[in-house]
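The following blocks contain the structures, represented as structure tokens.
The following pair of complexes shares a single chain, chain A, combined with chain B in the former and chain C in the latter.
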Partner chain A sequence: MAEHVILIAGPMGAGKTTAIEALSEIPVVSTEAANTDRETADKPTTTVALDYGEITLDDTDKIRLYGVPGQRRFDFMWRIIEERALGLILLVNNDAKDPIGEATAFVEHFGDLVKRGGAVICVTRTDVVSEPSAADYVDAIRRTYPEIIIPVFAMDARDRDQMVIALTALLINIEAQSPLEQDVA
Partner chain B sequence: MTRLSHTLGFAGVDQYQQIMVRSMLTHAAPYLKSEWQIIESADGQVVIFGTGAPPNNQHCRVPVQLVDDANDRGDPLQLPTPVRLMRLLEVLKHAEGLLSGEPASAPMFKREVAAPATAAPSPAPFAVTGGQDWLGLAQLLLTARSNATPGLLKLTIDGAAPLWADLKTGVYYAPFSLSQIAGPTNVISFERMDDHPERGSLFLAPLKKIEPLQWLAGLRGTPGRPAPWVKPDVRFRLKYWPNLAELPHTVTQMSIIARLSHSAMTVEEAARASKADPAQVQNVVNALTLVGLVQEDATARQTPSQSPGPKSSVTHAQPPAVSSLLGRWRRKLGF
Partner chain C sequence: MTTPLHRSAQTRACCAEALAQLESQCSSLKLAVVVSDDGFEVASHGVFNQQGNRLASMASSMQALGDAAAREMKLTPCEYLLIDTTDGHLLQRRIHGYPLVLCAVFDHRETVGRSLFAASECAQTIAKNMLQVAA
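Presenting the complex of A and B:
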């Protein structure tokens, strides 16, 4: 059975677990623990290892959705999943202290994946805080990767239709990117 | 360190109106330069003051020096009732202009006077060459985007309740979803006006950014042909992805956008790369240009005598695993 791994990353409280719950066809396997950092994200629990969900395409194929914990002390988990991942859905909450800084830090960390595969940024909680705009995120990332134009969408992680758009854009982006990589090679 | 502040006071406000003002302030926040806060007192007095801090800057709290209306710069600002969102926004912007020393960004509030029944909307300050169709609407939106001139747009589609757009701030309100608009055969009519007596109440509902309307008008303005604002035989490169969560779109259109995000292409090249009908690609380019999301590639202007495509063989060599993954994903979802 072919497996296609999509990595869901982002800072704590951005909505990673919620996004996987919106997309997954199975009950999400979650490793939540009590949140001891209520200042960063005011929620009772947080992911400490992995969230896992999956989408069955047919008898032979599944899309596996892995959500990694947002805290940097768990970044060893990021590397494990990154090696197997086809693409990245990065969730960033717009009401974070420094959402642009958070986004660029994650994009830089997953730079190899961004370059070899693709990435989509889903900005959540734009209904709470409308700035920075999607263009602000793109411009900030462009300073590090001038040739990469990452799709940035304002999304509600609870909304399955919107998360389907994000995943579709990611798969299309990966497909569009692959021939150019071959040319470079 | 202190910042100057402006206070706006109005009295005789009951609890319901206080709630309304608080709600309006939330809606107005995205369009203001600085953070405004509201103080309510038990005696029906409401004071709104600008902190002078950037909006949502939760990490830059500094003491705010409240400036008394009486000894301010001679511009005490008083909000009469009834308060409406656009009026409130105008007054707050005006106050921000006073604080920064810049010219006021909006005229000072004047008590609302009902327009005479015979008053016609003011003529548009720019020529709209198109007719009452999607092309005419697209041209109007393009001009408004370029000039950022104040004005209102009233758009009626198939006789439904009208859509209202504020052309300067780039927001609209519609009592329907744009994705419900079926196809290019819609009968549309629109008019542009400088103001409307009920302007405030028109925009009380949650507003949306105007990009989806620009997108729709761009797609339908000149189906399959270059729009008047699009140069033919030019390579285009995407600057920003549109927010597809808000735009009615197809997967084919998404695929075209993805191709343009990776390299500059002409319409023909993008059609081959995305395996799409060139007419569809042209429509997408028309729309992206109208929204302002693509740029001409100055280094690769194509003429008929030049080679027909970029070096990359984007029409070939699609990795079968990835391609089939997308294909199966599309089949699963039925698009």
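Presenting the complex of A and C:
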């Protein structure tokens, strides 16, 4: 069976763990610790190593979902997973102080993966803060990286159907660049 | 809101005292750091510049992965972790009763058994010091 690694990244509190829990068909392997940095994200726990989930596509293909911590002090985990990944789902919470700045910074950090594989941006918490719009993200990414095309969706990370749409868009994006079979041979 | 352990002067002092004691007992100790479960440095010994913050983040991730692996195997939470190399070894020990982990690096002169014993004693000292502070 061919196995494809998808990296799920984004700032702390964007909904990465929630998204993997929504998508995975197995119980998610999580590495949560009590969160003492409540100023950055007011939530009781935070991922400190990775989240892991799986989706079986068909008889021959399986997606392995790896979520990484949002804090930059854990960026060694970003590199470990990035090396194996085919594509990136970037989650950004729209109620962050500078969500577009966060999005462009993550795209820059994962630039190699975005160029060799593909990426989608899922903007979460748009029900809390409606601006910037998805179009604003597209414009900002295009201004900074005119050579890269990244689809942007407003998403509820808890909603499996919405997350499946994002994942499907990413897989199409990856396939458009290079057939999966060749990438993972 | 309670003060996070890594910002508590009393907690930092408790841990620093225990690390100094560990250093006095083990000449092979290269560096040691006490970290919060979410990867913040609480106290350190023999650590320079940003090395402590880096080690704190990595120790937190390794401990969480150890706990996750134990959980997957239906085992109790991870008590200690060992990374052994020809130059020495890195040992992590959970501090019972607190969301804290001791991470210590010993050079090749120390046996694993001896460093595990010393790290366990240090972890117990930290827990005891913390209890005294709370009392």
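What to note about this one:
By definition in this document, the second predicted complex is superposed on the first by the 173 of 185 C-alpha atoms of A that agree within 3 Å, B and C clash if a C-alpha of one lies under 4 Å from a C-alpha of the other, contacts with A are read in each partner's own complex, and residues count from 1 in each chain.
Methods note: a residue touches a chain if its C-beta (ideal position, glycine included) is under 8 Å from a C-beta of that chain, and two chains touch if they have at least 3 such contacts.
Values in this document were obtained by computation on a predicted structure and should not be read as measured data.
In the three-chain model built by superposing on chain A, chain B fits alongside chain C with no clash.
Contact with chain C, but none with chain B, is seen for A:V29 once the two complexes are overlaid on the shared chain. Judged by the touch definition given at the top, the superposed model places A:M77 against chain C, while chain B stays out of reach. With both complexes placed on chain A, chain A has more residues touched by B than by the other of chain B and chain C. Rounded to the nearest 10, the angle made at the CA centre of chain A by the CA centres of chain B and chain C in the overlaid structures is 140 degrees. Minimum Cα separation between chain B and chain C in the superposed model: 21 Å. Common to the chain B and chain C interfaces on chain A is no residue.
The touching residues of chain B, counted against chain A in their complex, run 29-30, 55-56, 58-59, 238-241, 243-246, 251, 254-255, 258-259, 261-263, 273-274, 311-314, 316-319, 321-323, 325-326, 328-330, 332-333. Per the touch definition, chain A reaches chain B in the complex via residues 2, 4, 55, 57-58, 61, 63, 86, 95, 97, 129-131, 134-135, 138, 149-156, 162, 164-169, 171-180, 182-183.
Per the touch definition, chain C reaches chain A in the complex via residues 1, 4-6, 36-40, 53-54, 56-58, 60-62, 64-65, 67-68, 72, 99.
If you check the complex, the residues on chain A that touch chain C are 29-38, 46, 48-50, 69, 71, 73-74, 76-77.
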